[in-house]
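In the two complexes that follow, subunit A is the common piece, with subunit B as its partner first and subunit C second.
Presenting the complex of A and B:
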């Protein structure tokens, strides 16, 4: 059973790489105004475009780079250096990206919701993706001389690629898709098509239920026990799980107050604040921006944080700013509880938040005077918290130290031992 | 004293500054220091005294009023202390008593080999013997002493005028080619420091925008217009970017006696993040920010809070009633988190700040 998942991964990576290549021309076009006009025109023709997406595209970006490098790079060396340091971040995705190939309407819609940040957050994105895939699978018809278990994945791949062009894939989506591939390749050839599709949809429902919804409920139970009467709970930005924990604790008549710390670019804490303040009786809340944290951390008894993903070396990839909250809490000996389902575990390591990151779209950027070529706004969405700053990770299998993820067999997207 | 017409005139200047400080029409440590100095010069020039104690007393009364008007602007008190120190020094020289100042000064020690721009000009030598409490001519003491005092105050004034130039003259020794510097908020000192380094070096600055004042945006605009490659980032990404930062350069609001400092909120986060990556933290500040105070007991910076509407505005109407909003102005940064203070009197580690304080002010003035 393990073999397909292993073989599936490199393919996945290759796809990512191809995608990155695909982004490059767009990124470079930003610097070279004269070409901006040409490129969208190119996009209208599916054929050359697809060729650019394929591996032959190696030549195309280099040509463009040569063109852009001359006037831009040599005239302004400090800027090009700055660009080089941050170049691996890529440019923030612009909404309204083009559609390549046979993309299901549900995926097109989802792609737009991703790129517009209407659906945001690791759990929400994973559930939305899986739900959309259910529709795609139901609408899928196996072509003649093919079997579902062999062909469905080739049908799903461009859909996944489309979602990734909208926004880089989250670890949760990656884990879920890997699991889905496993199920597809394992589905019985002799099963009638409709039955096989129903079985797959059932598996997806089960995954959502077991790994996310039930897991969340178990985590709520575990985490609520750690909130005592009179406690001050500090949290950063908004994690759907932390929000549920706080609301549950409040519904259990625990008397505690919450400090919500927030920061640009997304200011998600306001959403959390709205839902906490609208409880009856209202939960006592304090709201402050990140620079005010040192003044408030001394009041906190416990820090609850959410995560985007948790890596094999115990580092936590989460909303930018989380690392500083955890760091300061550790300094003040406030316990930091990270709430995270096991399906967010990733077997990769992450050494700092700089290597892998994502930029917020330009609509979240402050007004930057356009005339000034030396100034650039950069809005990373994530950072990486070292394991040393985390007291415990609350998972559905219990409270564990962040470094012992690899010892949880259920983690890393595997359901079998 | 109120009956004295001259002191009422003085009172009016003092009152004017007091109310401007209280209403926060005058903010910023250098601006308040300059205004304080102008008032003190006026006070000294109009004061009537027949011995040094009377003069010191007058200045202290004025100083106390100004400090009470705005205790968070530490540079007001510092300027008063500095002027008092200079007055005593001049008095001792004039009365030809052995000077109390020790011959060894750590500031001079650091500066040896790189003399200050304005080398102290020998004062107009007053050979007229000073006579205190002369019953025949009570004004003679003031008449003899005043010109020297005016010169001394002018020296303090010149120092304040040139403080940015003097801090940034060694900027190129601190910033090297291709470095990535992180700074935050809007600080004139840091701004001139970075701009001066840009004449010699090609480097990149990352500016955290420092919510809710967003002073970083102004800073980033100003630095980039000077040709420095600048990146403006939200405060939340300081930690994520810190692994690529070579140096953190901060401004200070006040340097405290233990070597810590009050600085724009956000500074503590940046300094703590820097320490976890062992990145050096450099503070640029004029000597007028040296404050003989300690802050060991509270974390609420200088216990000064800003307008909460900047954090959560009234557009979030339904929340405003239910939520406490906190917006502190300053952070207190402990000396362990800082590596060096770059002042107009040379570069000092936090551990030698106490010594600088002893040299700059007289102990009896710590409490005005």
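Presenting the complex of A and C:
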């Protein structure tokens, strides 16, 4: 093996070396063995190292030889370098991460529940967050020479950060927290502290009641009208709202059957299946995994989907796999109804599933054989469905086409979502 | 006012050629209000809702009617209630209802002027009989050189009426078979369609055949314009053709197959009748009335097939229709 003595080479040749590094695949094809050893091979060198190798060419010989060990020069066997794509989301967090600062125990508990996926789903997370914040607010004491309306927010910020480190914030949590901050900043300075805290907790209760609980009931009323006797309803994974709609339609003695499509790794559809099949009289259900969808979509009359959030351009951010169900339904002219409360609307525009997503933690990944540590499991939890695949969105203000969500604030008499 | 009376007044109003179904419904409700003995707003609204339901039940195609009734009831609910007494309020509401109906008659002219800007020396395809389309074409004829293809619109043949009226006015016009639209589409510059209702999704509910023409226009890349007065905008959201309130499950059923199979069973034969042609069947005759009865009256055109909706509130894209409706009804 010929080792290039880079330190001795004139400058322009070193530059060529770097250029040849970048064009490596072409070189590999032409000259097999010697070139592979000469230039840092892709699988041996994580990205930071290759940059290090190119920039600190004076120290190059040692780096190139055992570059796999990392910049600190440790000589481990080539260890996994993490995922190349989706690495901008950050790697999935391991539980038991450090607690920085003075975090309320309710928030610590919540963070742990989030990272363990014990509380899962946009609505559940939002309600749990707001309930925990009520405890935090009640336990809060305004320090002297400070007002509640100004200091409480700075007190809440590290709590929110702690939750975000456990699991990235959902749009529902974000909207709720924004509303809470608005209420806090608007709270009357002259009120005695306990009254102000009670007022805030009351506002939180109202928010949960109006925009989640009652909104769900209105959506159920609207959606069950679209389910007729003899229909076959298809749904994906487990949306709390779709579950409520199906149970309500069943209690109204409508005769329909349900196809539940599920996917790994979370297999949330099993919980939905259990709750639907436990009704009296039992609801006829079919359960299948996502690859079986093309055969089953032909029988479906209507598709009901839930969402994590709905964006300003009409695209839907929901559990990974939802986009496939919606697109296939569109191809077969099956109407797709998306059930979504208005508090899930986001001002942002989402064009694809790559800009914003979340990776499932490693405990959900399939077993990777130890011998092949070059294999990484990639488990994005969410995907983006384009607005063209959705027929109607059911919200508490009625059925609207997905492109019209910007008219909703007007309908609710607000200036913002 | 009893159910029969309101139904009669509605039918009487419909006889007026100029009034479309939503306007006739609004005027019928106004008349009902005149004769009502309600003492409070709540009672009045209940009576109105009951009357709207009666009218809807007695009509085979209640979509336009529903749109008009809902608009009127919404208007009454949102009207400021600061009159001195209830009877004054009622009088004011009745006056408003009648005034609205009068103003609404001018909507067709407004729409015609709006659509006029989109018409050059063109060939236009239209479907069946629509008063707003007629008014637009007559106005365009005064200043532009247009020619019109009208579909026959079976089984009622209303397209022939349109063609006769256009020819009388001097517009070059011809009747196209419903099945020849795909043949003729290349000769046409754009499609102009009236409407029974424009729905929340931005789609169009109109005489049966409109959906077909829209699909053909899309395939041939011709613009498809819908003309609709604002009182035809309805908050309904059909998910498919069969989700319309006028949908009758008996439509497009197979009457012959049922009766053929019933005969062997009733005669008590134990063997399975493999051939349905039993000896006691006379040759079946199908009449035009049978066909007309067994076929739908209206169909639903999806919003992605429609280019623009022209209305008295302006020209809207199908997506914009929902924004307008949400602003009107949910605010």
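Convention: the second predicted complex is superposed on the first by the 325 of 417 C-alpha atoms of A that agree within 3 Å, B and C clash if a C-alpha of one lies under 4 Å from a C-alpha of the other, contacts with A are read in each partner's own complex, and residues count from 1 in each chain.
Quick note on the criterion: contacts are C-beta pairs under 8 Å (C-beta built on N, C-alpha and C of every residue); 3 or more make two chains touch, one makes a residue touch a chain.
Predicted, not measured: the structure shown is a model, and the values here were computed from it.
Colleague: Overlay done on subunit A, so just call it for subunit B and subunit C: clash or fit.
Modeller: Here subunit B and subunit C can both sit on subunit A without a clash.
Colleague: Between subunit B (first) and subunit C (second), which, if any, makes contact with A:107: first, second, both or neither?
Modeller: After superposition on chain A, A:107 lies in contact with neither partner.
Colleague: Kindly classify A:241 by the partners it touches after superposition: subunit B alone (first), subunit C alone (second), both, or neither?
Modeller: Neither subunit B nor subunit C is touched by A:241.
Colleague: Looking at A:290, would you say it contacts subunit B, subunit C, both, or neither? Reply first, second, both or neither.
Modeller: first
Colleague: Going by the contact rule set out at the top, does A:392 touch subunit B (first), subunit C (second), both, or neither?
Modeller: Touch partner of A:392: subunit C, not subunit B.
Colleague: Tell me which partner A:263 touches in the superposition: subunit B (first), subunit C (second), both or neither.
Modeller: First partner only.
Colleague: Check the residue A:331 against both partner chains and state whether it touches subunit B (first), subunit C (second), both, or neither.
Modeller: Touch status of A:331: first partner only.
Colleague: Which partner reaches more residues of subunit A, subunit B or subunit C?
Modeller: B
Colleague: Pick one for A:382: touches subunit B only (first), subunit C only (second), both, or neither.
Modeller: First partner only, subunit B.
Colleague: Would you check which partner chain A:302 touches, where first means subunit B only, second means subunit C only, and both and neither mean what they say?
Modeller: second
Colleague: Using only C-alpha atoms, work out how near subunit B sits to subunit C after the chain A superposition, in angstrom.
Modeller: Least C-alpha distance after superposition: 17 Å.
Colleague: For a test of understanding, state which residues of subunit C touch subunit A in their complex under the given definition.
Modeller: 200-202, 235, 237, 239-240, 243, 303-304, 319, 322-323, 326-327, 329-331
Colleague: Could you list, by residue number, the parts of subunit B that touch subunit A in their complex?
Modeller: Per the touch definition, subunit B meets subunit A at residues 178, 180, 202-204, 206, 209-212, 214, 217, 220-221, 224-225, 227-241, 243-244, 264-266, 268-269, 272-273, 276, 299-301, 311-312, 316, 318-319, 322-328, 331-332.
Colleague: Quick one: in the complex, what on subunit A touches subunit C?
Modeller: Listed in rising order, the residues of subunit A that touch subunit C are 226, 302, 333, 335, 337, 388, 391-392, 397-401, 403-404, 406-408, 410-413.
Colleague: Show me the residue ranges of subunit A that touch subunit B in the complex, using the header's touch definition.
Modeller: 77-79, 81-82, 85-86, 263-265, 270, 273-274, 277-278, 282, 284-298, 319-321, 323-324, 327-328, 331, 352-354, 357, 366, 368-369, 372, 374-380, 382-384, 386
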